[in-house]
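Structures given as structure tokens follow.
Paired with chain B in one complex and with chain C in the other, chain A is shared by the two complexes that follow.
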Partner chain A sequence: MTQVAANNVSLSWYEASARQRIDALVDAGSFCEYIGPELREISPHLSIFDLPEQFDDGIVIGHGRLDGTPVLIAAQEGRFMGGAFGEVHGAKLTGLLRAARALRQDVLILFDTGGVRLQEANAGELAIAEIMRAVIEVRRTGVSVVGLIGGRAGCYGGGSLIAGTCSRLIVSEQGRISVSGPEVIETNRGIEEFDSRDRALVWRTMGGKHRYLIGGADTFVDDEALAFRQAAIDALKIKRGCDTNVLEAEQNRLERRLQRFGEAEDAVDIWQTLGIDAPTEIPALPTDAFLRAAKRRENADDAR
Partner chain B sequence: MTLDDILAGLFPNGHDIEAIGSIVAGRAILPDGGLIHLLGITRGRPLGANEAIVLAGRVIDIVKSGDRAPILVLVDSASQRMSKRDELLGLSEYLSHLAKALLMAEAEGHRTVGLLYGGSAAGAFIATALATGTLVALPGAHPAVMDLPSMARVTKLSIDVLKAKAEATPVFAPGLDNMVQTGGIHVVWDETSPLAPQLAAVLERPAGQDDRGRLGAERGGRRKSAEIADRVVALAAVAQRGAQHG
Partner chain C sequence: MSNWGMQKAALGERLTAGRRHAKGKIVPLPSLPAFLAAVIRSGDRVCLEGDNQKQADLLAAALANLDPAEISDLHMVQSGVVLPAHLDIFEKGIARRLDFSYSGPQSARIARMLFGRKIELGAVHTYLELFARYFIDLTPNVALIAAVSADKDGNLYTGPNTEDTPTVVEATSYKNGLVVAQVTEIVDKVPRVDIPGDLVHFVVEAGRPFYVEPLFTRDPAAITETQILTAMLAIKGIYAPYGVRRLNHGIGFNTAAIELLLPTYGEKLGLKGKVCTHFALNPHPTLIPAIESGWVDQIHCFGSEVGMEDYVAARSDIFFTGPDGSLRSNRAFCQTAGLYACDMFIGSTLQIDLEGHSSTVTTSRIAGFGGAPNMGSDPRGRRHPSEPWLKAGAEAAPDAAPALRRGRKLVVQIGETFGERNAPLFVERLDALELARELKLDLAPVMVYSDDVTHIVTEEGIANLLMCRSKDEREQAIRGVAGYTDIGRARDAKLVEQLRQRGVIRRPEDLGIDPLDADRRLLAARSIKDLMLASGGLYRPPSRFRNW
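The block that comes next holds the complex of A and B.
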């Protein structure tokens, strides 16, 4: 019997590195890394572009304990290549999810990613597809895969599609979830479509509060590692699986969203439709007040 | 080849397909008399929330019918729709939902085959073609993550430099050959031979395993991926056995 060592480290999730996040998340001293930096499994492709490698290729994977329960964990490092998925980076997460299936253990994915790493775009794209498949395969055995989103790089591109396959998502205000990033939309469609320098627009369109309000995320927490830890502990108590009933419920949920909000011009219009009293105040609200205002949000219970 | 040519070649016994904007859906009879469902995104159009929800709904209806018939997903798309509206509505959930529906259909006993006959890119490619059990392509198909001009902007390298680098590796540049070498596409069909037997051969393959990593290693386009993933599975098993005994 392993003693549960409570973790009481106060830490900004947004500011922290991948390794700091893991250390603050799991029971103290319980993390054991697989294919750590000492093995120097670097990207074989970045040197083509004269770019520096990192010994862990920007992702830390392994096992640990969360409130005494064994879990598998992956944490992306948003400060290396924007946390982007390359061949080695992606394969480490694919392997972890396949291990979860064999071991019947829950998985926590600490997203911090701009999406596919363009310097190895084909390998990264395929890694995303392999990971999504592995998530569904492990979820069908009843194992939970929980995503935590609140890092500097957000959760963009293929990362956002992986997040969409998770059992539950925990976000902070800083946790942006979106397929196309602001700059990509602006570059392709013009500044009239999306002004990427308008940071308030970025946050209210893609940020954690909006995603929580429309049911795109399940739990909203402060930018604080202990809050993420408690939310992860709570999330793993819910066992849901992934079958045709869940998919059908999600179909109904997402159809309803298009019907309710499909004509909205801006996030504030959606918040108004939700019945929030002072929708323009949402971005400024501290967490407690925001959660009170969010009582009439859409949720994804049993439909993710 | 046009979609009509392809469908005529695949299904000499005829097919029945309806178009809903850029989305197509229908069914056909295989040469052996079996039913096959048809779904697709066509005309090189982007995949947005509206399109993804229609496709996913069709997949779920097929699964609920319980017929366990194969599903052919025809793909000639652009990328995901890049718009403020789609992102505001949570496009990532719609694309994931479509991918999940296809993966679920396969797990529930439907063979899923992707046929890339035109373009596809980024999130649209992931949510459709790459979410099928076996992806095949026709010559001239042109998958991409990002086009070279956009890639040049992001990487701050000239297109000429990128083209020169693309000669040395299949790992980043757009194109069918590169996606084959990295293991994403199982086989490129021969358009000068009848298509129906080529589809029959794909449907005869055993279903289940994701073998894209192994294909990428064998073809030399992704040498590390399969080995790393396998190593993680083995390490986790050993570490956990140790933890139980320790």
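The block that comes next holds the complex of A and C.
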């Protein structure tokens, strides 16, 4: 911004670019990028489809400091191909996770993705598998992998699978987590099953508040970079690792959850079952009131 | 003529036929089909109320269910062809001839039916023009209208969406036509009388509200940085120098961006109180931040907007409201206000040609005009002066004697050089011409004529057509802001540079605008939720616009 003062009381995580998010997240000036755009590691597939490439292939990786502690960071750029995973994009994240294992440094993944790129589907799907394996391997050494979700593209498809393997997830109201996206469900199961244009339905089914209430995310924050930063600092203080006990606890949690809510037709039914007063008011509540109402939420504290 | 009073007698026959299916003025819902068949005659001129917002949807469906063997050859005269039922009436052969104004959502189907000769087209009008003809040569025999509630005497409450109803009822009822209203509910006493009961002959209780399209809601989240740049250019390059206080904004993201830049960028430029104080405008949600920060003095509305009802009721200092507290809109009055009492219209379009004609028609779609050509035209009958009007007039004819010189309304077309799906905004030849040829129309459907448009704004700059002195200059001024479209690339660079020296074309840098400043952080609200919060929770956006 040269002349005009921006409305920069705060940085909206939802609105920000991948690089703006990193800058606002880590200690000022501490970020150092790996395989930056100057190296032009572009997708080898997109040109076949006459699609524009991006020199960083839609993901920024590197190291920085968070409240003084060294961390590794990956941020997806939701504005390039919906943050979708391709071959190079995925390889950069896999490499970062393997480096984390060697360096014993915690990792922050700033998800903003619709899943795998259709144009490089095989490479993308393989990348998802490699990344999930790398996340579990690094977690087994005691390193934490924390996911931050609140971008425009949400965290869908393979991205949501990776999120499911993370140590902890931080989400904002705007953040969405789901394997299948609204349009995919509507296309396959019909508009009676899911009306993808009903945005209130989309958010109460996949949005941050609902995911937090059913234990699909561990921390709920405002849509502000500073709130994400503080939550990330707090999340890295928790060290749990990942062994068969943790995995079994997670399996039990998911089975319990399915038993408890499997019959629910709508998120509001689930909130009712959770014992929330006035469940229909949940979407309209501001953060502090929501967190008070969410006291009886499901959580994954033993399972991650 | 010996037999005076034949129209009254005909109305009497309809009333008698109708009363057989009614209790007093109330038609029970199950009797509606038989009732309509009894009061409508083949060949009638029928006004089915519906525009780009409210719809008499129950009556439209009932009309489409008439038996074409009993009733046919209707002549439909209506503002909007919007619901599928509106065209089913023609598909089934119940109606034959059509005079209308707007057909947004049915634009593709109406085009197919016109090509297939299923519809005999009278003309496509502007709203005000069609209303005018209701009183001269298109007076309805039957009007089927929509309201919120009625009492047993037929007094109607239309709520915030009064829109076309008073005009339709005036033209029909006072000229011996029959007026039938669908209402959500019948009550003992209506909250306010929008239509007096003695003009309304029958009422049917729908048991549900009539349909309203939230046509004027633009999600700030979808505004691009290019649109923000065009908005900055318009504010600094047109609103500020002309001091435009009385105006109308078209629908679109460019004007939504302008509304959201007023409290930030406009404030910075010191324009508060100097521009945008009086509007002829629907209650645009994107105007909430400007209203809340004290920019706007007064707004008169064509119609309402879904979700804005409580906000408007709580801001009666700004909006026109009734004794019941809710908005009173009126399309005919507001169109007149936009035509005669506003100094500027600014809106987006789909195609602009080298002369400056603009059109929203593409070869496969006929969306009609709505109100834009009224707003976007220079009213030759205007006689009161104002600073922007006089300044524009002086730019157009600097040598004319000031006391005899007409002013000019500012008519601004704003858009990106490449629009949706990368379609170029600038074209050699309008698709509207092709359409007119295929349908054998006398007139190509042009939204804003070349001699009305005064400025074109794109991300490349502003072309002031008032200051062009020849056809050639005009063409180069348009090419000069047409960016990398074929039209823009074929410019005469030297002539364009001369026009720029004269201030006919102004680039962002000429106005002291850095394109890098065009950042979404400049928007006073960046999401529908921000708008809701800015309204203090009074704005209740429809479900499809919420992302929470």
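We adopt the following convention: the second predicted complex is superposed on the first by the 295 of 304 C-alpha atoms of A that agree within 3 Å, B and C clash if a C-alpha of one lies under 4 Å from a C-alpha of the other, contacts with A are read in each partner's own complex, and residues count from 1 in each chain.
The definition used in the following text is that a contact is a pair of C-beta atoms (placed from the backbone, for glycine too) under 8 Å apart; a residue touches a chain by one contact, two chains touch by 3 or more.
This is a predicted model, so every value here is computed, not measured.
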First, second, both or neither for A:E193, with chain B first and chain C second: first
Chain B versus chain C as contact partner of A:E173, first or second or both or neither: second
Most chain A residues touched (candidates chain B, chain C): B
Chain B versus chain C as contact partner of A:E120, first or second or both or neither: first
Contacts of A:G207 with chain B and chain C, given as first, second, both or neither: second
Contacts of A:Q259 with chain B and chain C, given as first, second, both or neither: neither
Touching partner for A:G164 - first (chain B), second (chain C), both, neither: first
In the complex with chain C, residue positions of chain A that touch it: 1-8, 12, 14-15, 173-174, 197-203, 207, 209, 283-284
Residues on chain A engaged by chain B in the complex (per definition of touch): 32, 34-35, 41, 44-45, 48-49, 61-63, 70, 72, 87-88, 90-92, 94-96, 98-99, 102-103, 105, 116, 118-130, 132-134, 136-137, 140, 157-158, 160-165, 177-180, 184-185, 187-189, 193-194, 205-206, 210-211, 214, 216, 242-244, 247-248, 250-251, 254-255, 257-258, 261-262, 264, 266-267, 270
Chain C residues touching chain A - in the complex, by the definition given at the top: 264-265, 268, 512, 514, 516-517, 519-524, 526-527, 543-548
Contact footprint of chain A on chain B as seen in their complex: 49-50, 53, 56-57, 60, 63-64, 80, 82-97, 99-101, 103-104, 107-108, 122-123, 125-127, 130-131, 145-146, 150-151, 153-155, 157, 165, 168-173, 178-179, 182-184, 210, 212-213, 216, 221-233, 235-237, 239-240, 243
